[in-house]
Amino acid sequence: MDPQALLTCLSTASCVITQTTGGLISGMLLFLVAAGLSLIFGTLKVVNFMHGSLYMLGAYFAYTLYTATGNFTIAVVGAALGVGLFGLVFERLFMSRVYNTDVLMQLLVCYGFILILDDAVKIIWGAEFLSMGMPAAFQRPPIMIAGGILPVYYLFLIGVTLGVALLLGLLLTRTRAGKIVRAAAVNPTMTSALGINTALVFGGVFALGGLLAGLSGALAAPVRSMVAGMGFSILIESFIVTVIGGMGSIGGALVGALLIGLVRSFGTIGFPLFTEGVMFLFMTLVLITKPSGLFGKEH
Amino acid sequence: MLTVENLHKSFGGVNAINGIDLKFDAGTLTAIIGPNGAGKTSFFNLITGAFAPDQGRILFGTDDIAGLSSPDIVKRGIGRAFQIASIFPSLTVRETILGAVNAHRGWHTKLRRRFPLGEANAQADEVMELVGLTAKADKLSGNLSHGDQKLLDIALALALEPRVLLLDEPTAGMGPEERWQMIDTVHKLWQRKQMTLIFIEHDMDIVFKYAQTIRVLSYGAVLAEGKPDEIRNHPKVIEAYLGTAYEKGRG
Amino acid sequence: MTDTQRTRRNRRGFIKAAGALTASGLAFPYVARAQDKPIRIGVPTILSGRVAQLGISSRNALQIEVDKFNAAGGLNGRKLEIIARDSKGKPDEAANNTRQLINGDGCEIIISAESSAGAFAVQEVIRELKVLCIHTNSETSSLSADPKIRVPTAFRTARQGIHDAIVSAAYAGNVAKAKGLKTWMTCSPDYAYGRDNTSLFLEYMKRFHPEIEMVGEAWPKLFQADYTENITKILQAKPQALYSCLWAGDLVSFLDQSGIYNLFAQTTLFAINMADYTTLTAVKNLPAGIHSSSRYLKTFPAVPENAAWGDAYKAKFGDYPTNWSWENSLAMTFLTTALRKVNSTDGAKLADAIRGMKVKSPFGADGTVTMRAEDQTTIGYAIGWGTTISKEPYVPSVTPGDWKSILEHEAEWKKKMGFA
Amino acid sequence: MRSTVWLDIVIAAAAMAVLLLLPLVFPGKAFSDFMIRLSAFAIFATSLNLLVGYTGLVSFGHGLFYGLGAYSFALMMQKLGTSIPVAFIATVGVSAAVATVVGAICIRLKEIYFSFLTLAFQMLLHSVIIAWTPLTGGDQGLTGGVPRPPFLGIRLDDPQHLYIFCSAVLVVSLYIMWHLVRSPFGYTMRMIRDNPRRAEFLGVRVWRVRLLAFVVAGVFGSIGGLLMSLFVSSAYPDFAYWTVSGEAVFMILMGGISVFFGPLVGAVMLLLLNDVVTRVTEHYSLMLGIIILCFALGLRKGLLGFVLWAWERRRAGAQ
């Protein structure tokens, strides 16, 4: 614990700016994963415990596509779509069979897939960690803003993520598909009585959630080394984020992700050995005071 | 026996119960009727402590039970069965009723003794006999027919030896023949157990045939009360609610 | 090895394993012991999860030595057999596997290719079951240095934290003096190894070069995905030099993420775990000028036996060996020498033979490595520091550590810790 | 009634006798090692099933008590040098106290939120264990072994004695829990699982029953962890990690959630599976994943649950 260092940091502009952007960046990738998790829970009422594995798949897909084509755009788009497709298949073939059972069966299906995918990745891509490397377009010196440092790639990353967040918000509130999704979340039987194919909605939502996780993994690939089992820590963090923000709330996921990003970022300075503990403490307090999360709807 | 004074309750700005004053004498059989959304079930919920009233008193004997928790109220002797049978699907009929008997006698948290406690068996048998479920004692509750589940729900309340029994639409969701069987059983129970019985019912034939007194609720308030004949001819009731049902009942 | 080859091999292994699983059923295996039966060496190690590659490279190295021993006739006709079991990196599994290997599979010798947490768990089993055990990968000094933890039949052929710290501080201090690197910071993973390693390094840095100023420390979690907040913290402090004992995938992530902040334009990195092929080759655009200790390099020690060993390993398994590989290979050198000498697998007898033994080894600083009798850990292995370039041989010249100085400081440290 | 209680005691004694005789059939140490681990996991999984299967409280964080039991027992033995019975009883006390506080907070929440909160508490303990290095040894776990001084002529550093001790704890624990689920309290638990609202209207103070169930489960969960710390002569942060809770859930579902001895059977299966699969392949996770899917999508009653179900169907068919 070093509260003095935290105070010192908080009183210098450059430290605040750099740590804040640092927090934003790790928060952004987390948001993409957490948004998918939250969306799936909000609509399907299942906790997708294998969401971290989808993130992992995104990173590996991007690695393979990038190595094959050398084109970063193709790698990112292809990986996101690929994982989205995987999510759809997984939902239709496996997850949809356990909607009517209790939460433990859902947990079990997801856990089974976590294990299978981790080993599959090891068999396909090998046990050693891989690194994709920074695409040439982003290999340039970082930008300085008010004494704070911001790498070009992260600027791009923040832009893409905010864009996705905006699109997602528009999709859910402004489009017919979004309205159907929200209706299906509130009352699936009613929605299906209205002639809407809920199976399609559920599959679509799972695919979208997968796509977001895959996108996050692909965007992380240039800066994070890949190894089987890498989805684990991101699962736990995005889980904390969704619980804090409110299961089913995209806005909540954004706020939660940034919050966790900042807790880590400033925690590194103030209480470096207990940042994870603080995250769980936070989650505990939110659950005790407002179980549905900061932005979740009571029900 | 049970007196309700100036009862108020609103949910999110909507007044569900809007100043009810009612008195139920010991040993009477009362029907509560009223159109959908009149506040009948909410009224039951307030009496049994599912919600605390915003205002008003609920006197059970001379004690004000308003705001007490459900278990507290139940323990004082108010039993209740639900519109949609509320049972324990994975327990057998006997286990369910024994569970209720044990709860009634305060044995439900006993760790030392083995379930079922001997003395409880006799009472459970009696209750099953009363509602006619003896033959199905070892069936899983979840596998019973709809009618039997409703009976079991009532049996659960009976096991508590209540002085006041609240039945929320005992005949809901049944065919015509079943309905009469059901209400017949209920009526016999009332006669044998000498308790105060209040039931919500939509079927006017049943209401007029069995109820001693009828209370009509509308928009969370008492519209009318009286003997079946008085209600039958009550102009407000005919106007607000009974008209069609009355005609149908006649026809 | 190409990806498809590896896939095919893995798949074949998997099918074989599945067959064996079906065949063995769910029965307890009981092993009849007879003189012509092979000598089984149990290897609790990590074969799955993030560290799997290191466990696999340990097993590979052991297999090479076992094949060599068996080809030479074994021990009076008895062959050696390796039984590796995956602890998944969990200490309780490591303990349990070790017991099973001994009690269930009839292993007479244990080579514990576990990381530190697992090694301490194995140690407790060995204390009870008293077979010969060689820890090949745990660098935590107390495992052998602390008499309360030491076990008569357990040895270590891994490099030891205290040795590394002394060499590192001596080297880093000299570089600091030469280049005027006054302000330092650390960034190490927050777990037992990371903390021990870093605090020892700092202790000797202060002792050797009291003019050095520490301006902060960053403690990412083990296996953390994102180091941004640590990197920005370092950027804030603007140290001239940074010491880190991050390793493998974590180090790669850290380098990639630091790279886009241009961190190493202003700060010189001393990454003790950099010079291992698996890490060196994984980093895309490896920055030149990183200082690192020699984990495994086929060019250090610069003797033909070492280069030949590295090439042979690569020819067989497709990758260069890791730091864990040579440590396991060295363990087999001690073990086979002792087996031939006492002609028995009895734990106490083998331990007596190994205690104080000096063997010829391509990994020795002077061509030999000694198993020090007093604390049953190796000394005299090759250890040194150098600077990276971005392609093979990656670390062209290595400054070897001075064992005379290492041993002096180690003795002093033990006294201070109450170990001697 | 009295006679059936006696019958239970006779059965328990018979089970104990069988456990004592088993080493004669399987003389290897591997067997006793297996049984010691089994006793820890079986008690732990069965205690979780009191919550999940009997009370309908799906706890994701039961490992809290496994870790707590292991650490508090091992620390008391290591740092205070108490005797084993004292540390045993103190561990039970500590767990009961913690379970009361944590339970009182958690059971206020409904369904999935209850699960999340239990998980959060468990991970909080895990974080504390990792961060509080001077006391707990951090991620390294407690080093240097847990002393096991003799008491009443029982020497737990002797594998044979440990085997007998663990068997006895297993039998006694299962006996108590078996008795509990068949007591009036056990039936109340099941009523609450099925329909807590209805139970309220029968005069049952639901939160009180839930809390009591939580405390009982917590106490037995910690005894599981305690036995494991005796076996490995240490305690590791993994004991408090969420995967421990996950394993227990899996044991319950493998054996059968609706059967008292389901978790025991599940524990036997998972441990055997672990031992056999890691023996023949390094693709343990792949194998386990596939088996998990088989249970989740096919054999949902669990093995023992399925066998009993099939048995009853056959009997019903025969009549």
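Going in written order, the chains are labelled A, B, C and D, and every chain counts its residues from 1.
We take it that a residue touches a chain if its C-beta (ideal position, glycine included) is under 8 Å from a C-beta of that chain, and two chains touch if they have at least 3 such contacts.
Quantities reported herein were computed from a predicted structural model and do not represent experimental measurements.
Among the remaining chains, those touching chain A and also chain B are D.
Between the CA-based centres of chain B and chain C the separation comes to 74 Å, rounded to the whole angstrom. Work out the mean CA point of chain A and of chain D, and you get 34 Å between them. Between chain A and chain C the centroid-to-centroid distance comes to 35 Å (mean Cα coordinates, whole Å). Among all residues of chain D, those that touch two or more other chains are 130, 283-286. Each of the following residues of chain C touches two or more other chains: 14, 48, 52, 56.
Remark: the chains found to touch one another pair up as A-C, A-D, B-D, C-D.
By the touch criterion given at the top, residues 5, 9, 12, 14-15, 18-19, 21-23, 25-26, 29, 118-119, 122-134, 138-139, 141-142, 149, 151-154, 220, 222-230, 233-234, 264-265, 267-269, 272-273, 275-276 of chain A touch chain C in their complex. Those residues of chain A lying in contact with chain D across their complex are 47, 94, 97-98, 101-105, 107-109, 111-116, 118-120, 123, 236, 243, 247, 273-274, 276-277, 280-281, 283-284, 287-288, 291-292. Residues 1, 4-5, 179-180, 182-188, 190-191, 193-195, 197-206, 208-209, 212, 258 of chain D touch chain B in their complex. Across the complex, chain D is touched by residues 48, 69-71, 74-75, 79-80, 82, 86-91, 95-96, 98-100, 102-104, 107-118, 156-157, 159-160 of chain B. Every residue of chain D that touches chain A in the complex is listed here, in rising order: 52, 58, 60, 105, 109-113, 115-117, 120-121, 123-124, 127-128, 130-131, 246, 249-250, 252-253, 257, 283-286, 288-293, 295-297, 300.
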